[in-house]
Amino acid sequence: MANVSIIPSGDFKTSYGTDTTIFPTVTSRNFAILGVVLLLACPAFLDRYWLSLLIQIGYLGIAALGLNILVGFTGQISIGHSAFFGFGAFASAWLSNRWGIPVVLAIPLAGVMTTAIGLVFGMPAARLKGLYLAIATLAAQYILQDFFARADWFTGGTNGMIAEPLTLFGFAFDTDERYFYVVLVAMVIMYLLGTNLMRTRDGRALVAVRDHYLSAEIMGINLTKYRTMSFGISAFYAGIGGALYAHYLQFVSVEGFTIVFSIQFLGMIIIGGLGSIMGTLMGTAFMVLLPEVMQMASKLVSGTAIDAALNLKDNIAFLREMSVGLVIILFLVFEPDGLAHRWKQIKAYWKLYPFSH
Amino acid sequence: MTLLFQLLVNGLIVGALYGVVAMSFVLIYKASRIVNFAQGEFLLIGAWTCWWLLTSWQLPFWIGFPITLVFMLIFGVVLQVVVLRPMIGEPIISVIMVTIGLSIVFQAAMKWMFGVFAKPFPQIFASPTMDIFGLQVQTVYVVSLAISILIMAGFGWFFKYSRLGLAMRATAFDQQVAQSLGISVRQMFAMSWAISAMVSAVAGVTVGVVNGVSSALSFFGIKVFPAVILGGLDSVIGAVLGGLIVGVLENLAHYLDSQWLNWGNMYEIAPFYVLIAILMVKPYGLFGTKDIERV
Amino acid sequence: DIPVGHLADQSGGTSDVGVPYAQGVADALAYLNGKGGVNGVKLAVDTVDYGYQAPRAISQYKKWSSGSDKIAALQGWGTADTEALTAFVGKDEIPAYSGSYSGHLTDPTGKGPHGSKPAPYNFFYGPSYSDSLRGMLMWAAEDWKKKGGSGKPKYAHMGANHPYPNAPKDAGEQLAKELGFEVLPPIQFALTPGDYTAQCLTLKESGVNYAYLGNTAGSNISVLKACQTVGAKVQFMGNVWGMDENAAKAAGAAADGVVFPMRTAVTWAGSAPGMATMKEISKLSDAAGTAYRPVHYLAGVCTAFYMKEAMDWAAKNGGVTGPSIRKAMYQKKDWVPAGLEGVCMPSTWTETDHRGMTSVNIYRASVAADTGASVADLVKAGSIKLDKIATVEVPRKPEWLGW
Amino acid sequence: MLSVNNIEVVYNDVILVLRGLSLEVPEGEIVALLGANGAGKSTTLKAISGLLKTEDGEVTRGDITFAGERINGIDPDQIVRKGIFQVMEGRRIIADMTCLENLRLGAFTRRDNGVKDDLDMVFQYFPRLKERTGLAGYLSGGEQQMLAIGRAMMARPKLILMDEPSMGLSPLMVKEVFSIIQQINKDLGVTILLVEQNARMALQAATRGYIMENGKVVLDGTADELRNNEDVKEFYLGGGNEERKSFKNLKSFKRRKRWI
Amino acid sequence: MFEARGVNLRFGGVQALTDVSFGIRKGELFSIIGPNGAGKTSMVNCISGRYKPTDGKVFFKGRDVTAMTPNHRAALGIGRTFQNLALFGHMTVLDNIMVGRHHLLKNNFLTGSLYWLTGARKEELAHRREVEEIIDFLEIQHVRKATAGTLSYGLRKRVELARAIALKPDLILLDEPMAGMNLEEKEDMARYIVDLNEEFGMTVVMIEHDMGVVMDISHRVMVLEFGKKIAEGMPEEVLANPRVRRAYLGEDDEDGEAPNAHTAQQSPEQKEVA
């Protein structure tokens, strides 16, 4: 058979148990643990600017994972993810402000509340497919945004709402250095949960629904249930991400949760790789860092001859935006399957090296 | 009562414009299954180009406008060749993301070149407004309405009967099969983008003449979604009808709102509620083709 | 260096006026740096475009407000972000000068009777949105009488559902009632240009006589044009950001007759001793010296100058820190920054009242039908004229503090 | 007419599927290409028609000439214009169009006026297609296969590459389809390269045959020669000299896998 | 085990099935044959629940399942393969087969997410073991980890079968399991099917156009034509039916000789096409 599966040789599994671990090899697992340990040390040597970016990658990455479960794994496009993210943010702020629930509890509770909302707006998924469903989520985006602007009791209306910092046993996580750990812990947990979900029954069912819903149904999968459930799960992740965001920024306002933001979420998972858990994180990092890199680049350019020649000074903002768009395009032209795909290829290359052909 | 009536007329007029944009969106979708998030920017580019020709070059409208259309045609082809062609055969979702990237680039580029301030068009029609059923309407709306109807009819015929129209649909259905039939996928794509850009420009110029040109024009790109979906993604007639419905709905919602509810922005939100309601009853919009579900 | 954060909207919903204002601030600070900065120390200004999105402003602020190079002062912009930051700047003791003239920012102690939160570190140059609207309403009441209007004049608030247009809404409607207007339900329209025919039809139908336009120029233009088309005969009263030379040009004849408040004593075309300095400043971003600067540019320059003079005082009295800059703001009465005489209007801030000024200069735009030429030419030719029609001294009522 | 010389095909830059495959298709003949599942038959056809590219495949060595002209690397639509038309595996009709529209698309590259006549001709061959006026996606498997062949006829190609035309057809239809293939070949003078699992039928219709294994041709010859080859008999035609075994009794019997 | 009573199925203007009634006994290997478009697949769809008959009823294990959704029928013990491959193209072969276990697994998104804490791991591994047995049985060990979408046609068919078996169905429906296979592979496939039927005790319904296979391995055969049942019975009986021979095998009554599948396949040889 010409069909060789590209499974690394020299790493034989002796039991099904070792064949179902998250990390395909011991080395990769050790690397992952090393990565987390390195991250733990970050606040010690990174400045606030970088920490804030890492924190952003953390809470956005959590929400993006939710979207990837919905889009990448279940195959239902959503253009309303930021509204769920926002709902989680408001919900958590509301729970802690209005009901005095400690923030540590408010965050998961907000996730649960957002799940409920996700299930409601996921109901059309029982009947709608593809873009029709996608646009129904666009409607959800606008309807929720409108709700945020209107529901003074819940969101503070257009003025927004203050969110308390997270405190635990009297210790306030109100600086970047401290909040970093909150986000890191949350992220590791959420990613582990996500990975587990995807390698067990319901996760497989979601993927089956994506790949061939008709045969999935005949294999005993309840389409309506899983299609809707996928919205619920996705909203849960969005809600947790949003809640973390709220208590990081300590202020929530409607304006943040626009369609543009939703599209950015889509960008994260497409760039990272649809249907890839680690890709989600890579994509999020890409989308968060890209504008910053561009900002730095534009600062470097300013005042130089290029600046003078093009008269960039007043227009550097536009130039930066343009280059963000441009990098996204270039990236996709050269890596349409996303970062995760490239990463896999690199790994495969080293596995097979020097016998790659 | 006159208010309601006037609002309805206004809704139809604006809706026709939505319809035109929706059509140009459907065109690309039909030919390539690509959801073009840069549709709004096409309007913007068309409008700015025409504005520039008319103000900087002082061309009369009847020269400047055709040049704009030709430019957009070329623009569409170039865009396809340079950016979208390498994406042929790649996952559709990646291509969609590319259009999002394009919209970011164009949006910023237009602001860079033309500034952020709305710029008015020079006066084009001898009498800028005319009376329709007691409602004063911008002449340019009426003219564009006529053009739109022509375009709509043309599209309808094109996809149903013309050889190229069929080829475009085939390309959308399955690029590999289309190629096996001797259809050049690249040509089809280039053509659909070119036509789409051109048609969008008509809408862009119209809106520009009415409100002045500014980057806000591109919001039409989002407005088309409900319109297109209401009508059914792959239906030209549906797009037109969807556009009209959204236009009327907005105005109707505004009427209810201003007379009784006083919620404020029903205008923007109501179409989305109706959209969901209609979709629950007709999951493929009013005229969309059902997916063929066979095993 | 003295770090200064500068939040600007160069690409967002209010960039139409955000760009000239931010340019004014940036040019002025660069000019002052050229003149030796604060006591020989330069200002390190970090200008960031936040796209008029409060969350982005806040995350930017968080970067600025901590660490070794914590900013000494903030040049801000929008109402939403400034109000959201109020508590933060108060806690961090960073004076925040904003482009938002929301009445809520004028109450440093939080004792205002309308439940405003304390805003001890917020400053802006100009009459608050609420006071401007009050001024215009007072003028409108007079105007109605003068024109011999019969019955109650009808008033409606118009604008987006957003903190900025909403800021003076209640205050305006309240006073309108007191002044004998019939107050109709507010009419919403987005901050972006668009087709607002529907809104104008309602406006016409309901017979509104005076309408407040709470948005910025870009979207106001759309409303003006649509209302002209449908033939709604309404006296529009623009927000301070709602009308300027660019808007007049863009709206053309539709903008004819719109009244609006102005913060500076002159426009770019006017003459005053301070205009020489102004022109110098303008050259920093326009070497040729040909650009026509809209009113917001001048306002931006004034705001920057107040901050700089406060820093000067602070430098001599305890160092350029937040608290001393704040204190510096209370040192002068009827304060006009040196070099800008006749441009910036005399202002006074006190520890208990941050209403820098309460007198409202009301201008009327007169615009000829054809506005094809450049703004500079149009102004020169008199096709666009901004004429002062009244100065209303809005009483500094204590119950209006923070509202 | 068509000659494939020693080609190598790689998918995704790594998976080598064809390893030095050569074959000849003389003008006016029907040539059968046989081989096990996954041997690379479809890949060969796609290499010829240029459709490999859309699947991330690439001809990395060797060349393909058609009527004396090298055609590898040319875009598939150009190859169709040169007169090679592939009927793809799995029918691949355009589900959301009607039969008529599908057939008209077959004639996409044509500019002449004969399209109408050819439509009538196709309907004569497959009267059933005329009756089905709904969307082609709702046709039964056999009907779809007819449509796919009809579509190829509409293109009036010089060479048709057919990938498993009999798959999923009833015995009656298989016969019909093969007779039509032969008819097309005779009446219209179209050369045909036929990939089939039904070796028996294929070798009856064909004049020559190739047998491939693992991306290589392992045996070739005239149809007669192949029909009488012992190995071919055993693996493809079922039963060597002895009586054919019943499928039922194969239960515990396991044949030797692959030859050589 | 299964019974169809007066099943009618209509799509717009097309009457796909007209008043079809038949029964399948437990442990039987039942074949459905008929010309293309006769409604065989439609019939199977009615059994598996993809289509609801416009009229008539279907019974499974004595229960009226006419209104039951496909996923419930799967849980009740109906598995199937598809005529046009319907694998989960982006999943590995292993996962494809594991999906077949769906209704046998207990863990859900909550317990699954908590993998180690809730016994989900144990359950997964237990089922993995059974799936590996199916893989061994169908001899697809070498492609276990391959993505299903890149397999060749024949292998995909085999994976489909494996997935259907994984459901542990009592009734398994095979829609043209041997289409597109060469002789050798057909033989393999036939062997698996017979094994399923005899060793695993599954009741099998098979649609197949290869008369050789049908005649050799099925216990009973039903013939459909234009949506109507035209014959049912033992293979030999059915094959002897002149109507079947004409409609399906395309033989004229005159030259009909020995009712043997083998000759049916060979017939064109004798009758060189004009």
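To keep things simple, chains are lettered A, B, C, D and E as they appear, and every chain counts its residues starting from 1.
In this text, a contact is a pair of C-beta atoms (placed from the backbone, for glycine too) under 8 Å apart; a residue touches a chain by one contact, two chains touch by 3 or more.
Chain by chain, the UniProt names read as follows: A, B = Branched-chain amino acid ABC transporter permease; D, E = ABC transporter ATP-binding protein.
Just so it is clear, the structure is predicted and the values come from calculations on it, not from any experiment.
Across the assembly, the mean Cα position most removed from that of subunit E is the one of C. Using the average of C-alpha coordinates as each chain's centre, D ends up farthest from subunit A.
Taking the mean of the C-alpha atoms as each chain's centre, subunit B and subunit E sit 48 Å apart.
Averaging Cα coordinates per chain places subunit B and subunit C 36 Å apart. We define each chain's centre as the mean of its Cα atoms; on that basis subunit A and subunit C are separated by 39 Å. Residues of subunit D in contact with at least two other chains: 38, 138.
For subunit E, the set of residues touching two or more other chains reads 41, 50, 82-84, 86, 151-152, 155.
Among all residues of subunit B, those that touch two or more other chains are 108, 111, 265, 268, 294-295. On the side of subunit A, the complex with subunit E involves touching residues 1, 3, 5, 7, 16-17, 19-20, 193-194, 196-197, 199-205, 207-208, 210-212, 214-223, 229, 233, 275.
Residues 35, 37, 83, 86-87, 90-91, 93-98, 100-109, 111-112, 222, 225-226, 228-229, 233, 263, 265, 268-269, 272-273, 275-276, 279-280, 283-285, 288, 291, 293, 295 of subunit B touch subunit A in their complex.
Within the complex formed with subunit D, the subunit B residues making contact are 89, 163, 166-167, 169-170, 173-177, 179-185, 289, 292, 294. By the touch criterion given at the top, residues 47-49, 52, 56, 149-150, 158-160, 162, 175-176, 249-253, 255-256, 313-314, 317-318, 321 of subunit A touch subunit C in their complex.
Against subunit D, in their complex, subunit E makes its touches with residues 11-14, 33-38, 41, 83-84, 151-155, 176, 179-187, 190-191, 194-195, 198, 209, 211-213, 216-217, 247-250, 262, 264-269, 273-274.
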